[in-house]
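A short write-up of the structure that comes next.
By written order: A, B, C, D, E and F. Residues from 1 in each chain.
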């Protein structure tokens, strides 16, 4: 089991969700985050005081999947979020030691989907 | 050491915290997240435009614990968050390679609690 | 590759970012979280109803780095966030199995920076 | 007809509308949880719509129309028949009758809206709507007739209620208590305080209430004259005194004063001075403000906790209790020196007036409580007042209105 | 001169300013996404600044100054020359001329601000600014002269527009449609609804619009008298009827009523009653409210979706369509019994008036549409109306103004 | 007595209250960080309470009561003795004396509230409270007497201050600067800009300030007449000019205009036109608006940064500097043609008046600065003005009031 963590552009969320559905990955947890990456933030000005390049809004997806789904998940996210330019985001994959479904107490691969 | 990540219903947070306290797990990090799971979201309507089943509010707990506490932590979360119906949430467990307490510089198991 | 997760005091974010820059760690994802730690929350009162010690605002940093950067990253965060008192925060390190840059499709260590 | 008086009552009418939306809507809306804020705004807004229509169609006629045995107005003025530009000198000789009518419409609107505070976060929208319509028709309209309508029996007895301490606040506050008791507590109540999701909204609402209340109270003089001026000054003074007193009590009792406390105190002060503002002098208004803060604080922060009913936003604790304080205070502090058309109170040697005020109070409490009980039972039988637990947990915004107040991710 | 009338029109002027900022600004601002809210507030605010100056410098003179062949005012009153404390009896005999001027200034301000709803979330700030200035000068000012200016040709034909159904709402609403079509859809439109980022702000705005509209409509009587009272009552009644009707349609159509629906309906009611409020009686205003809700709901929730243009915040669907309904309704329901200076409408046997109203409508639609098209083309050529896609995605707040509305991490 | 004038000053009084809460409270509240917003709202709200009481108990008498050697009013009117429905013809012959009193109360309230901008985010609540009470009594009340009180020495010299440029803005602005210097910078100031946590709130506040300021300025005519009309028009014109000018300067200087800039400019315009509005014509008001934007922008965005004091929300930069500009401008642009009871300024050949204005300015600056210094030292010795660093970091809402503005998780 793996936990796939993706940081994407907010306006790509719907496209990514569509692609994930297409590979039957339907469960996920989504959060608002701010990103500092190669993409430069926009300068902000408040009463003349400038703040160069602040953090940018990003969306973080956490998706726990069984091994077989890891590559399809990465491919789907990439497909939905890709524009080819700086700021598209990153995907991080972490080994998952255990997974529990609270409602049923199921564990492991069975609990993921 | 493990990092226990739990996604639960927001209104169960207090109950979960009480159960965790009972097993002496007092430290945690909490965040607002949105979940897409088996539980269906509620349809929203704005000037006639419908959006079926949006994301649902969930709470994410990140709890770093030593090995001995992993199962008690899972059990406590389950106890506090369980209702038996769809939407109760999931627990994910990840191996923790290191832990550092910033104030003292302590590392490893000693830094977790 | 490792994923370094740091929970720090919000007002230390700028200092931490400066220290990270100094060791050439420029990419990161930042989120608002609430922490329950050894530091006590402040009592809140609403029309006479008291709630003792609620959760405290914290900032969470997720930084994916190659092995060589792990210790410098920990050191930089510690330097920026340290005051020596309760509440300074924690750093958690997790093994990273894979990393993908969406824009280019690059993988592994090359995708991280 | 007097253009200055007309200008004043027109703007006062607009101010009283402002009290309900956005004033009360934001005062209450900030106090609930994020998932229920729209339900409050919706309830306030739709009340404005529904009661505006009820009022012009028949409510005004029931309340202020030609008297039927002192207990109700006839339907002669239904659909505003005969309510036009010509003044009605029974009510206000220097302004168009329709201006008096619309000014009173705004009072009829805000009264049921005050009750929202008691059942917030747990009623079905259709049930709320039916309840409100019945309550306005069978509680507010008769009561307004008794106390303010030409020929109304409490008015004939000499009861004093300058701007609605009885008709607006006691009536809604008592009904709120009855509803809170009948509905039961919110899911999760008691385990820990249910925190206001947006206190700045609450402060915005409180400030707009204060602002609008000048229309409510000083507008009730129905002229731009010395009496309006007195009502304006007493209103501001009592409110300030109550807001400050509440802060000081909190300071002493809990160690810190809070903005929610000051805002709540100010509203309590506004409530208490409402029946009194055109009959008492400013220094006595100051006392009224101090007293009401002491009493309401005790009700809200001490007694409610002990009795354990869930008056979500303290509609009873502030309006019911505050209106009671104000009604009695009017019986104490009223003086003919302030308003020759009024009466002297107990402190000026007139025990009779004090008795009349207490009578009015008892009558109103009994009437409002009983009627609310009956209406609740009817609506509960027909529709069911309370939402399912599942929907209460998800929140009323999504389940009753299919809307969310704020986006999280865009 | 009459101090009561002056007091009323002064406060009414302030109320109409309040309609634009913060009223409309928050109504619209809540409906857009988080990243664009400041752009809306900015557009509303700067319109107030720019048009205030345009108006005193030359706009007022163009619109209301000495007539030139029925089509425009001369520049005789530019820089407010001769517009002082003495009343101008052509417009308002009992108040200072400068009060009439500033009251009208607020109308000139809000009209271009209404159009914002159509191009929200995708125009360049400099282009918006130039467009607005040209539109105010070449669309609003002439139209105001035709309908309201002494000697204006539509006024001479007997066209009735009490408070701006034609001049304000139809003109801006039609222009909004033209702009929406010319600009094209927002990035991501259609894939799923673009959700309001802060509905409480929208409700706040709607409530302030309702409140301020009393100044708009009842202030248009230019006196604190029975006519103002009638306009006040009809305004409130039509608005309430439209808000409630919208909720009921939604309930029947979608299963739940929404606060956004009630607020939208209320605004539609306000729009439709605007031309009519000083000519119709309250019960007919009630009908107007019901009708406009039915028509606008269809336009916004059914037709717009089918035709597929992106009128971001329904400036056309509410103001264009609602203003049209109101203008026609005035031709139907107007009666001399309400306002002797008005006329009877079709239902009172006067087909002529109905024809005049339709003529006004056609003229206004054609004029506004053509002029907006021309101005758009000019501005688009000079500056470019639409922001780059990249900037649209990042949001206008950061890219057009270098500001963010809310902090995320502090 | 005149009902139209009374109606106007009553509503104007309510408008000036609205300026403080919610106007200024939200203008300032949006500019601070999330953790301090309630502290601002609290400070504004409690000032309304405390000064309302101070004013009726003794403040009004000190400021406007029977003169004692030109420097202070006696306590003859303490507790509003003799301040009732009968007009006081020294101040306003056509409205009840109590209306004049309550109108002035609102000025006494907002003045210390303006100072909040200088010490925001770092004072102890009890210290703030004591400071405010002392400042109102020992700075505001005497100054109001000198400039506006019958017999006041600056008034006797012929100083012109129509609505409080000196009494309200210069006095508070200078005191703000002194406080900012004495208190020192906020923790973390300078490392990077402290960003406004909710700019829509700030815009809401600015818009309500603009709206309420019509009451402030045009209400200062104390009648609904041509003078009020002039004040209304000049106020709107100067404000619009200043808002637009600020945007243009920013555009040129930084590349983009901002809504915070426009709002700040508008407030600066309002401030500068305050002393002048009843003495100058609209076109000169337009110039005043342009000038004040240029000067205040320089003060806020250039000079402050160089000098390095932390005037958190620019209370000095806007009110101190803007009030100074307005006071001098009054000495330049005033003309008897606008207000026969006024005087001609320098541009109309009257050097004397210009001198008097400068004298008033110097006196006020010196008096306010010295008194603020003394009061600060006293309060700092007794209570300590500044919060502990730990509490400043956690935020004033939690540490001074035990409240949080917004819930994060529910």
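Everything that follows uses one rule, which is that a contact is a pair of C-beta atoms (placed from the backbone, for glycine too) under 8 Å apart; a residue touches a chain by one contact, two chains touch by 3 or more.
Here the structure is a predicted model, which is why all the values come from computation and not from measurement.
By residue number, over half of the contacts seen at B-D repeat in one listed pair from B-F, A-E or A-F, namely A-E. Once the centre of each chain is set as its mean CA position, chain D and chain F turn out to be 33 Å apart.
Between chain A and chain C the centroid-to-centroid distance comes to 18 Å (mean Cα coordinates, whole Å).
Annotation for chain B: residues 11, 30-32, 34, 44-46, 55, 94-95 touch two or more other chains.
Multi-chain contact residues of chain D, defined as those touching 2 or more other chains: 2-5, 7-8, 11, 35, 192, 195-196, 198, 254, 256, 258, 260, 402-404, 408-410.
Judged by the touch criterion defined above, the protein chains are all mutually in contact, each touching every other.
Of all residues in chain B, only 44-51 touch chain E in the complex they form. Remark: chain E residues 408-410 touch chain C in the complex. If you check the complex, the residues on chain A that touch chain C are 2, 5-8, 31-38, 55, 58, 60, 74, 77-78, 81-95.
For chain A in complex with chain B, the residues that touch the partner chain are 3, 17, 26-31, 62, 64, 94-103, 105, 111. On chain D, the positions that touch chain C within their shared complex are 192-193, 195-196, 250, 253-254, 256, 258, 260-261, 264, 297, 300-302, 305, 314.
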